[in-house]
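As structure tokens, here come the structures.
Paired with chain B in one complex and with chain C in the other, chain A is shared by the two complexes that follow.
For the complex of A and B:
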């Protein structure tokens, strides 16, 4: 089993390296570079960059060097724990991402709690009472949630909030608190703003999880051991929760691998629409501006999170499911 | 209905570029009756500055918060913070003497939006333009003089003026910038175009503590305008200092020395940079040099940064040492704070403006949303003002005059009659109604008739009115006589239909792609098959660099001041030249790289342009008019609709704001809204 873990670890390191090469290449795929984009964006906003300034910028940012040299430079920096400079921000990449990481994680975790908190009980209920009235109602609502794109829902929720409830449009804080240092009032302000993004982000995933939970549990409930348990006179609660639900949870555990990158990135489009200061819009803007170290680091971070997440879910599966654990030994 | 339409507009404009165009059209069509906005364009007005020192105020007052600090002994008295009484910058506010206080709420869209705050604080330019955008007036410098031979421009600083930390501001801050920043090749590797005349460098000299001279080897009388314009050398420390540029002609020596190797050692500054996570001392210097990123940087601006631009709120507070007063002796600015909240996209900014969450906001407000702005004006307690720009065309079809890939198409693009025919085939009134809600002015690329270099109103209409008959005659004349079954003209080399490609860029202030599609329909009548191709902005700009675009739509903003910002009128700036970048490279490198234009008129325009910089004012104005005549006649770019508020000209002003002009000049060189002097705005 130890050999298995070591092998997985080595593979993970190789994957991360491959991701770093790929992410660097992806950023260089579009034509032009950061300076082209800077000139264009200045021109679009009624300002200007002169040719001399453009050349100076290219030289300072090392954009005049071949791509391999740029990559090696970036790698060299990263091995020292430095992710380079975010060109558009004029600050180290780690600072720029760090600023937004906490809030991103708060929002994502809130969304996940919302999703799981809704999806698991409903999934269980739907499986235990399949084709009941409430099953249909939940299924219907779930599918609506699945069918509406998150950004559209965000727009509608935001407009309704503004038009009827006088809520601040977008963002995570009221203007009074945006600048204030952290305090109980500020946390309360954040808590008040959190439900909208959490619900909008969570709704789409809910239907999917309900369906997965429902079908897995249905499969399990039909198995003979459940019948045996019932025959032995166990309470209905124990019959359902003790084994079938645990088995049905397997797919959830294996999706943890995808949850980790989600937690650090948030959703790009929804965050953009709701004007949430998360990593998602940061990535989008960095890609548009061809801010290569910033975009590269975020993509790499997402890759690393996926790798770590997959690794953790492998371990968790071994722990949750005795069949995997014993099958290996 | 109201709500629904707002939702549709927002949903459409929000995320998907294509949707944006369609709903933009929907709004435009729903916006009848036409001329919806013409009643919103008021009288051009603004504050003036008092130049006669005899009439200057003698006693001074200050904001209550500063008075409290003086009382507590934390600040010197107001008279001690201001320059000597005869050296003040005295503003006569537009309407009345204002009141102190208030927090000006605005939107910004992230660290790339530094111009948002720069333009409010642009009074730290050496010289500037008045509220009409035509007359040069003092700003940071109290006066200037050009030597009779035009080779030397001398500026006089305000004695007793201080940096925001109280350190005296002197000629040494100019010399520090010149010797330690500008001449340091690690920081500024390429000299600024504006600091050269015909490729020869200028030098900066200190005459005394409050006098600085700029000397050039050849006459350069236009340098005064460079100091007043939005240029690398003249746009001030806030705008052009640091971050990406290191321009601005002065810098706080006492603060910045600690980041330069010369004043400690290469190792020491490198270590300092690495410790803070920067990859080199230049990167750290860039960061520390920027007023928007670094709230410790001493500035000469009316407001200084508190919470930097890379946080969700970019906020500023008054500079206690700001060097201006009103005519009653009140130290300016009136407004205590500016708080800009981050809008991750401009739609959120527009929705918040509709909700009345911004006090004055002209940046990021979309013309297509005008109906929604007007519907909610009462509820949001704001007034909508439109500020038409001075440039001729917001959606200009720049011809790729240096395009070569397809010799047949290149041949026609280089043919003046062909270009005229294309222009005559455009129905600009239809475009104006559909995309500018009727508030633009149809015409050529020539600037507004009341601008300095306008050759006259007739040139705004020249070859710029719909005349299908004449267009067809011209196209027949150039040899495009054969047509296919659908009525489209055929190529003369026998390779089928003549298809011309127009590159458009999405997500801009005006919907270039939808405009292109309408022109495509209009050109059917003259038998020209247009292929509208939307490209991502970087791709379009990169293709420009290699002269691969046959035609590209982009604005011609800034071109009204053709010598300050020629790039949208003539291919002379290699950084951006949509009408032939190879030619621009040739011009900028004085013939060493790039391609020499084969059009003798373009060479004549280049000569006229080059000669203007050393010429007398009168000569230069005549020269500029002649240039515009050539540009309109030769039509290297085709104008459509301009002089409109589409770009930064839709202004939302809360009804409790005072001294805000009905109309302000909307121009790059005026650095709108700086020309309206935000230091004199106040909360009633």
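For the complex of A and C:
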């Protein structure tokens, strides 16, 4: 059991390292650097940047050094908890993304809770009453949910909100609270705005989990031990919920790891449509401006959170499934 | 009586047919029974016909813009005219709303524009080399000021129907090209991983795990933002397919690896080994045919994900860029919610996305069920 945890932990650390290299490479892929795109945007607005100024800016930002040195310096800063300066904003990266990162996580977690809350009961129902009318209805809705990309659903929700209710359903806060410091009222305001993004984000995952839950539970229900339990006169509730559901739950737990990157990815594009203050729109802007510290930090942190999520789901799986706990995989 | 007597023989014949049928015939018979899958396949065939002959289904140049005609509402075709079959549309007259000063178009019922099916229009090249000017819909003998907008126009006054036809070509083929790339990577790496096992397997599995644990959209965004802005449409098209298949291969590799591992233990593989078959003969002659149907199913199920990826990236402005036309590029116009409320027809391309994705899912499910009845 300890060996299992240690192995998973080592893998997690390796993954984080790989992600850091990858995100650094991605940021350095575009030709030119922040200074070139800065010069371009300055000349677009009519002011010129001299060669000397550009050189000075490069030196100040450390962009004139070789790639490997830049990477090592960046990693060194990261390990000290210093994410560098967001070049475009002239403020430390941690300042710029702090709240947004928290909100990204809040939305993702809300989406996952929604996904589970809906998928679990529906999956169980569909498996216990397969080929019933409601089962077909759920299967149909599930297919539609899978086929609609998140941003489209967000668009439709926005459209319906605007056209039918005359209200802007986007955003995470009412205008009064958007700039206000954190308070209980603000949290309550956030809670009221949370359901729409959570549903939009969770629909595709829900459709998938319903299908997984249904087929797994169907397989379990056909096994002889279920018949034994029924023959011994256990109540139907106990027959279904006590053992088969518990076994069928495994994929739920093991998919958190993959659900999290999926939801976080989705939240980026959905945030753009619903104008949510998450890291998504920020990342898009940073990538276009080639603001490497900001973009790199966001990609790295999203990756790290995903790895942590996967690690937690591994631990949970161990807790739920004794076969893993006792070293037989 | 004769018919009744024939019944058991028919059953017997059916059993005989099953006994001698090839694997592909069996799969086809089972697939045929899956109504949704057959329906999905028919829809997909239609989509690819549109992709192949987009010029025929479009009736005007998709890039031809006319600022005067921006955001015009769809024009319905009227089939009957004074009791006889003469399809036509009413010309549109632009006026100003006296209250909001917004430009609105109202049908001018006095001016009818006749619509011809399979008529002559702009010249194009069938399959790229046969010159023709036939179009599904044409306005023969119409004045330049008279135009047809079956699905309305976008903000630049370009005809949405014609654009949708060309977008179908781009989006449907991008799915195929990307999946072909993912398939090559997935089969080669998954095959190596599953057949040889050991440290190579571990290494490839770790790479897959790492790739899968990175949120895909930031990764794609980063890669797509790296494409030089001055690249041509074709260059961007292929770059995007490569970027998308970079992640797509992992799932296919997983399927292939799983199949290899389970087949390695089969008796017929050991028999082939004992008979001294070469490795490549064992793999391609004995193992591949027995799981190729699974690979086809997994591939079919991978295409809709790719279509959604391309659409999302292009929607963000990071995928294909105008003048390229794809579903995602068309949907960019719908990003502005105010414009969308005034002109909801900008959402039409999304129906194409949803139908195509559903059809692929149904077909893939059907193939998977047909290929392996025990799953």
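Keep this in mind: the second predicted complex is superposed on the first by the 283 of 329 C-alpha atoms of A that agree within 3 Å, B and C clash if a C-alpha of one lies under 4 Å from a C-alpha of the other, contacts with A are read in each partner's own complex, and residues count from 1 in each chain.
FYI, contacts are C-beta pairs under 8 Å (C-beta built on N, C-alpha and C of every residue); 3 or more make two chains touch, one makes a residue touch a chain.
Because the structure is predicted, anything quoted here is derived from the model rather than measured.
J.: Pick one for A:173: touches chain B only (first), chain C only (second), both, or neither.
T.: first
J.: On the A-aligned overlay, A:102 touches which partner chain: chain B = first, chain C = second, or both, or neither?
T.: So A:102 meets neither chain B nor chain C here.
J.: Touch check for A:65: first (chain B), second (chain C), both, or neither?
T.: Neither: A:65 stays clear of chain B and chain C.
J.: Where does A:18 make contact in the superposed view: on chain B (first), on chain C (second), on both, or on neither?
T.: second
J.: Now for A:26: first (chain B), second (chain C), both, or neither, which partner does it touch?
T.: The second partner, chain C, only.
J.: After the superposition on A, what does A:283 contact: first (chain B), second (chain C), both or neither?
T.: second
J.: Report the partner of chain A that touches more of its residues: chain B or chain C.
T.: The partner making contact with more of chain A's residues is B.
J.: Contacts for A:191 in the overlay, against chain B (first) and chain C (second): which applies, first, second, both or neither?
T.: neither
J.: Where does A:39 make contact in the superposed view: on chain B (first), on chain C (second), on both, or on neither?
T.: Once the two structures are laid over each other on A, A:39 reaches chain B alone.
J.: Output check: A:54 vs chain B and chain C. Expected answer is one of first, second, both, neither. What do you get?
T.: first
J.: From the superposed pair, tell me which chain A residues show up as contacts to chain B and also as contacts to chain C.
T.: 30-31, 151-152, 155-156, 158-159, 162-163, 170, 269, 272-273
J.: Over in the complex, which chain B residues touch chain A? Could you list them?
T.: The contact residues of chain B facing chain A are 3, 6-7, 10-11, 14-15, 105, 110-113, 115, 188-194, 230, 232, 243-247, 274, 276-279, 282-283, 286-287, 290, 293, 306-307, 310-313, 315, 339, 341-345, 347-348, 351-352, 355, 357, 508-509, 536-539, 541-543, 545, 554, 557-558, 565, 567, 573-576, 588, 647-648, 668.
J.: Tell me, which parts of chain C touch chain A in their complex?
T.: On the chain C side, the touching residues are 206, 209-210, 212-219, 221-223, 225-226, 228, 304, 308, 311-312, 315-316, 318, 331, 334-335, 337-338, 340-341, 344, 347, 350, 353-354, 357-358, 361-362.
J.: In the complex, go through chain A and note every residue touching chain C.
T.: Chain A residues touching chain C: 11, 14-15, 18-19, 22-23, 26-27, 29-31, 143-144, 146-152, 155-156, 158-159, 162-163, 170, 257-258, 261-262, 264-266, 268-269, 272-273, 283-284, 287-288, 295, 298-299, 302-303, 306-307, 310.
J.: Under the touch definition given earlier, write down the residues of chain A that touch chain B in their complex.
T.: Those in contact with chain B are residues 30-32, 36-57, 59-60, 77, 82, 84-85, 88-92, 94-96, 99, 151-152, 155-156, 158-159, 162-163, 168-173, 175, 178-179, 269, 271-277, 281, 285, 289-290.
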